[in-house]
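Inspection log for the structure reproduced underneath, given as C-alpha cells.
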Amino acid sequence: MNPTMIPIPSAWILYLSAVLFVIGAIGVLLRRNGISIFLALELMLNSANLAFASFAFRFAGASATAAHALNGQIFIFFIIAVAAAEAAVGLALFIAMYRRKETIDVDRFNILRW
Amino acid sequence: MWADAIVTLIKLAVVIGVLLTTVPIMVWVERRGSALIQDRLGPNRVGPWGLLQPVVDAVKLITKENLIPDGVDHFLYILAPFIALAVALSTFIVVPFGQGDGLTLFGSKIHGFIVAPDLNIGILYIFALAAFGVYSIVIAGWSSNNKYSLLGGIRSSSQMISYELAMTISVVGVLMASSSFRLDQVVMAQTGTWLGFIPKWNVFPQIIGAITFMVAAFAETNRLPFDLPEAEAELVAGYHTEYSSMKFASFFMAEYINLVTSSALIVLLFFGGWTLPGLTIPHGWAGAILSLVIFAAKVAFFLWFFVWIRWTLPRFRFDQLMALGWKVMIPLAVVNFLWVGVAMALGIL
Amino acid sequence: MVTYVFLAAAALAIVFGILAIAHRSPIINVLSLVVVFFALAAIYAVLGMDFLAAIQLIVYAGAVLVLFLFVIMLLNIRSVDRLGSGRRLQAILGALTSIAIGAAVVVAIATLTPAQGAVAPGSQGGTAFPIGRSLMTTHLLPFELVSLLLVAALVGALVLARKETR
Amino acid sequence: MLGSLWIIPLLPLIGFGLNLFLGWRKARKSLVTIAGVGSVGLATIAAYWAIIGYLEQPARVIVERYFTWISAGKITVDAAFQIDPLTVVMMAFVTFVGFLIHVYSIGYMHGESDTAYARFFAYMNLFMFSMLVLVLGSSLPLMFVGWEGVGLCSYLLIGFYFEDTYCAMSGKKAFIANRIGDVGFVLGIFATFAVFGSADFTRFLPIAAAHPQQYAGWATAIGLLLFVGATGKSAQIPLYVWLPDAMAGPTPVSALIHAATMVTAGVYMVVRCNVIYRIGPAALLVVAIVGGLTAIYAASIAVAQNDIKKVLAYSTISQLGYMFLGAGVGAFAAAIFHVVTHAFFKALLFLGAGSVIHACSGNQDMRTMGGLRKVMPTTYWTFLAATLAISGIFPFAGFFSKDEILGRTFAAGASNLHGFGWLYYILWFLGITAAFITAFYMFRLVYMTFHGEFRGTEEEKHHLHESPWTMTLPLQVLGVLSIIGGFIGIPKLMTGHASWNLIEHFLDPVVIPLGTGHAAEIAAGVSEHSAGAGIEWLLLLVSLSIAVAGILVARSFYAGEHAFEKPARFVERYPLLYKLILNKYYIDEVYDKVVIQPLYRFARFCWKAIDTIIIDGVIVNGTAFMTELTGDILRFLQTGNVRNYALSVAMGVLLLIVILW
C-alpha cells in the first residue's frame, strides 16, 4: 500500500511559505495601523501552517514515517484554533484601544517609554 | 482523461441551465403564490396566467441604466454582486440530483448525477461557500457608502454567522447517521424502511435536527421571516439599496439559487433524497430518470413551502432574531446532536 | 497537471499577499487575504489534505476574517497609512530584517534533500475520518486544551470589548 | 586507681564547678575552702595512690584509652591518659606543690570578698585540672588541651584584679605571648600528623626512633616548631616578656603557675619528645643555646631589680634557661631533676616573698624593707634555706641539680657532641657566670629585705607581723624539701653506686634507645660518658666556690655598716649600664617599636587603604555606580514605541537563526 505520490516537490511549498512569511513580517513591521498589523500576523501564521503541511506532505511520501503524516495536519488544525482565539482577543483589544484614544495607530500608544 | 472533462462540463451546463430556469419560475411562483395567499390575483397580463412576467422583469432589469452612485468604493461595489452569484452557483456542484452511478453517456461512464463525484468533503464544501456568501453582503453594505446599507450589511452578516453555527451542528447528526460527508452516501443511508411502512428518512429520528436545519436555512437565505436586512419598511432595501439593474438582478438570482440549494439540501439530508418507501430504483437510465423525477418533486414541494412560509409569518425584530439564533437554535441543535450520539451508542439508530 | 494548479495557487497567494499588506484600505487588505487563504486552501486540497482545506476556508476565511471586517466597519476606518510611513529608519530596518530572515530560511530549505511528497496513507476516503479518530484518541488532551483556550478567548474578548457600563 | 587515671584531673574540675556555683550563690569562704582545697587534696591522694600502684613494676608505659575524641579520615585522636616514669615525676611534684600552695592561699586570700575568694579558687582548680591533663595526656593534641588550659588559667589569674588596668594588661600580654608560642606548637602537631600519621606518643616516637635517618630532617622541623611553643609557655628568650609582668597576679598564683608548674611545661614537652630532638640534632642545639643565653641574660636583669617579685620572676626565667640547657645537651634526666628541685625552692621563695608582702601590707619594693629577720623568723629561715638551695650551696637541692646540668654541659663540650664541642664549653662558661650572678642577686635580696634596719614608714613598722600558721606551715614543708630534695639525684661520684642516683635511673625508660646508625652513638656518648672522676670533682669545687664568691660579694655590697655604698658607687661609675639593666635592656620598648607599632600601622593601612578605598570604594560603590550607569544607558532602549519592540524581536529571531545555524 504505497501512498499515491503527488508530483509537487515539497521544497517548492517551503519556498512559498518562506516568501509568505517575509511578506507577513514586512507587513507587521512596517504598518502603523493595528488591524493591518494583525492581518499581516495572520498571514505569517498561515505561512507557518503551510510549512507544516509541506513537511507532512514530505513525510507522507517516505514510507517510514507515514504513520505520523497526519500529525502535521492535526497540528495545523490546532494552530488555526489558536489563531482564531488570538484574533478574537486581539480585535477586542483594538476596540478597547479605539474607545480610549479614538485611534488604533500603534505609535500613539507609547506610555511605556522612559 | 478528456472524457471525464467533457462529462463534467455537460453536467455543469445541465445544472446551471436548470438553476437559471428555475429562478424565473420561482419568481412567478412567488408572485402568484403570495397573491393566492393574500387572496389577490397576481400577475396575469403577460402570457397565460402571467407566465411570461418573470421574463419581462428580467428584460426590464437588464436594460436599466447601470447606475453607480458617487462616493461609492467603486471596485468593491461592483465586486459584491458577482461574489454572491458565484458562491450561489458553485455550491450546487456537490449536490447529487439523482441516482446515476454506473450510467454511461456516449461510451464514457458518468459517475452519477453529480458534478464533482468523489469530492468526499461534500457538505463541508457547502458550509465553506456559505461562509463566503457573508462577504458579498458585507462588502455590498460597506461599499455603497450609505448608512442604511452599512447597517443592513452588518445585521445580515451577524445573522448569517449565528445561524450558520446552528445549521452546521444540526447537520452533524445526519453525518453521524450516514458516517460520511458525501451527500450520495447520506441518501444511500436513508434507503429502506422501518417496520415496513415508515421510510428510513433522517427526519423521523432526528426531527429536532430537521427543524433547526430548516429554520437556519431560512435565515441563511435571508428569506422572510428572517429578511430583516432588506426589509422594505425597516432599512429601505438593506444592503442592496444602492444597487440597480444587472447588479440588483444578480443579488436577486443569487438569493433564489440559494433557495433551491437549501431546499435540495433539506430533501437530501432529511427526506431521503430520491428514495421512496417500498420503491427500489432499478439500475440504468430508467431508474436514473425515475430518481431525478422523485427528487425534483420533493424539491418543488419545499420551494413552495419556502414561499408559503414567507407570506404567512411576520418578520422578527433584530434582537429577537439574534436571541432565537443563539439561545434557542444552537442549544436545540446540540440536543439533537447528543440524542443521535446516544441513540447510535444504544444501537437504536 | 497538479503542479500547474499548485503554481497558479502559489502565484495567486504571493500577489494577493503583497496586496494584503500594502494596500491603504483595510477592506481591500482583508479581501486580498481572503483570496490568499483561498489559494492556500487550494494548495492543501492539491496535497491531499481536503479536510484541512475545508477547515481553512470555514474557520479562517469564513469566520476570522469576517470578524476583521466587522471590526473595521465598527471602527469605520476608511483608509490607513501608507506602508512604511512614519519612522523611516524603523521601516527600512524592519524590511531588511524580515528579508534577511526569509533568506536564511530559504538557504536552510535549500540544504534539505529533495523528497517526493504523497497523500497521507489511509486517507483514501478523505482525511476527515483519520484526523477525527486521532483527535479523539491520541491527540485528545490538546483537543480539550484548545477548547479551554477558545472559551478563555471568548470570555477575554467579551470583557475587553464590553462598554464600560459602570 | 591505676585503672582509671581520669579521676585525678576530674576532681579539680569538680572543685572548679563547685566553686563557680558557690561564687554565684555568694557562699561563705569556709565552704569555698573545703571545695577548693579539698578537691586538690583528694586529687593528690588519688595521684599518689596511682603512683604507688605504678611503682610495683616501674619502667613500663600504661595507656588508658577512654573514647575517640577526633576521627577525621585517616587521623584519629583518642582521649587517652598515659602513665610512665616521666608522668609519675611530674604528677608527684605538681599535685604536692599545688596542694601546698592551695593551703597557703587560704591565708593569703583571706582579705578578698567572698565572690572573689570563690572565683580565685575556681580558677586555681581549673588550672590544676589543665596541668594534670597536660601531664597525663598520651598524645600531642590532648597535651595541647592542657597546654591551652594552663595558658587560659594563667591569663585569668594574672588578671585576677581586673579592675586595675595594669593587671588586666599584663594578663592580656601573658595570654598573647603564649598564643604566639602556641601557633608554633600547633604547627608542630600538624607536622607530626602529616609525617607520622598519628600524634600519640606511644605510636609516633617509636616510629621515629626505629629509623632516625629517614625522619631526621622532619624531626628537626617538628622539634623547632614545638620548641617555639615551649619558649612561649616557659618564657625563654624571644617570648619571656610576659613573665615579669605576670607578677601582677596574687603571689600564690606566681608561686604555683609562674614558678613550679606551668612554666615547666615546655621542659616536660622537650623531655617527653626527646626522641624527636635526639634524631634532629640541630633542634637540640637550638634548645641548648636558647637555654644558656636565657640563663645569663635573665640573671643579669635580676641584679638591678628593686621589686622583690620581679627579681624572683627573672630568676625563674634564668633557672628555666638552665633546664633547657640541660635538655639541650641531652641530659634529660638532669633537666627534670632541676625542674623538681626548682619547683620546691622557687615555690618557697615566692611564698616567702608573699608573706613578706603580706606583712608589709602590699608593699613590694625592697628598698623600703629591711630588718624583717627579727619580726618574721620562720619566714626568714625558710627563705634563707631556699636561697642557699638556689645558689647551689652543697647540701641543698639546688647544688645537685644545677651542678649535674653544668657537669653534663662540660662533658658534652669534652666529647665534642655533634661536632660543636667549643659551643658547649662557652655554654658551660655562661652557666657558671650565671650561677655566680644568681648567688649574688639572691643574697642581695635576702640582705635588703631581712638584714639591716627597717627602711619603711612608721605606720608599716607597727603593722609588721609574722604570717598565720596556714602560710608558714607550707613554707616549712617546702624548706625541708629544698634541703633534702637534692639527695634523690646524688651523683655516682659521691656515693659510688649509680643506682643511688634515683632520678637518673628512674627516668631511663623515657629516653628510648635509638635505632641503628650514627644517632645511636650520640645518645650513648651523652648519657654515660662523663669526663672522668677527677674532672668531676674539680667541677663540683668550681661551682661551689663560684656560689660562695657570689654570696660574699653580695654581703660586702649590701650587709654591714656601710651597706649600699658600693652599689651606689657602682651606679655612679657606670650610670648607663645600670640604667640599661634596670630598664630590662628596654626589651619591651624594642618589641613595641619593632613588632607592635608596625602591626598597628599595617592594620591602619589595611583599614584606610584597602578597606575604605578598595573594598568600599571600588567594589561596593563601584558596582552600584556601574549598575546605575548601565541602567541609564539601557533606559534609552525602551522607546515605548510598540513597533520598535516588534523590530527588535524580529532582529532577535534573525540573530537566533544565524547563531543556531
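Letters A, B, C and D name the chains as they come in the text, with residue numbers starting at 1 for each one.
Criterion: a contact is a pair of C-beta atoms (placed from the backbone, for glycine too) under 8 Å apart; a residue touches a chain by one contact, two chains touch by 3 or more.
Nothing here was measured: the structure is a model prediction, and the numbers come from that model.
Student: Most central chain by CA mean?
Tutor: A
Student: Could you grab the centroid distance between subunit B and subunit D? Build each centroid from C-alpha atoms only and quote it in angstrom.
Tutor: Each chain's C-alpha centroid was found; their separation is 120 Å.
Student: In whole angstrom, how far does the Cα centroid of subunit A sit from the Cα centroid of subunit C?
Tutor: Whole-Å distance between the two chain centres: 5.
Student: Between subunit A and subunit D, what is the gap in Å from one C-alpha centre to the other?
Tutor: 90
Student: Distance from the CA centroid of subunit C to that of subunit D, rounded to the nearest Å?
Tutor: Taking the average C-alpha coordinate of subunit C and of subunit D, the gap between them is 95 Å.
Student: At least two partner chains per residue is the criterion; list those residues in subunit D.
Tutor: Where subunit D meets two or more other chains at a single residue, that happens at 641, 643, 646-647, 650.
Student: So which stretches of subunit B touch two or more other chains?
Tutor: none
Student: Residues of subunit C that touch two or more other chains: which are they?
Tutor: 51, 55, 63, 70, 87, 90, 94, 97-98, 101, 105
Student: Can you name every chain pair that touches?
Tutor: Every pair of chains meeting the touch criterion: A-C, A-D, B-C, C-D.
Student: What residues of subunit C sit close enough to touch subunit B in their complex?
Tutor: 25, 27-28, 31, 34, 41, 50-51, 53-55, 57-58, 61-63, 66, 69-70, 73, 125-126, 128
Student: Where on subunit C does subunit D make contact in their complex?
Tutor: Against subunit D, subunit C makes touches at 87, 90, 93-94, 97-98, 100-101, 104-105, 108.
Student: Any idea which subunit A residues touch subunit C in the complex?
Tutor: Subunit A residues touching subunit C: 1-16, 18-27, 29-33, 35-36, 38-40, 42-43, 46, 49-50, 53-54, 56-58, 60-62, 66, 69-71, 73-74, 76-78, 80-89, 91-96, 98-99, 104-105, 107.
Student: In their complex, what parts of subunit A are in touch with subunit D?
Tutor: 25, 28-29, 32, 37, 106-107, 109-114
Student: Under the touch definition given earlier, write down the residues of subunit D that touch subunit C in their complex.
Tutor: Per the touch definition, subunit D meets subunit C at residues 641, 643-644, 646-647, 650-651, 653-654, 657-658, 661.
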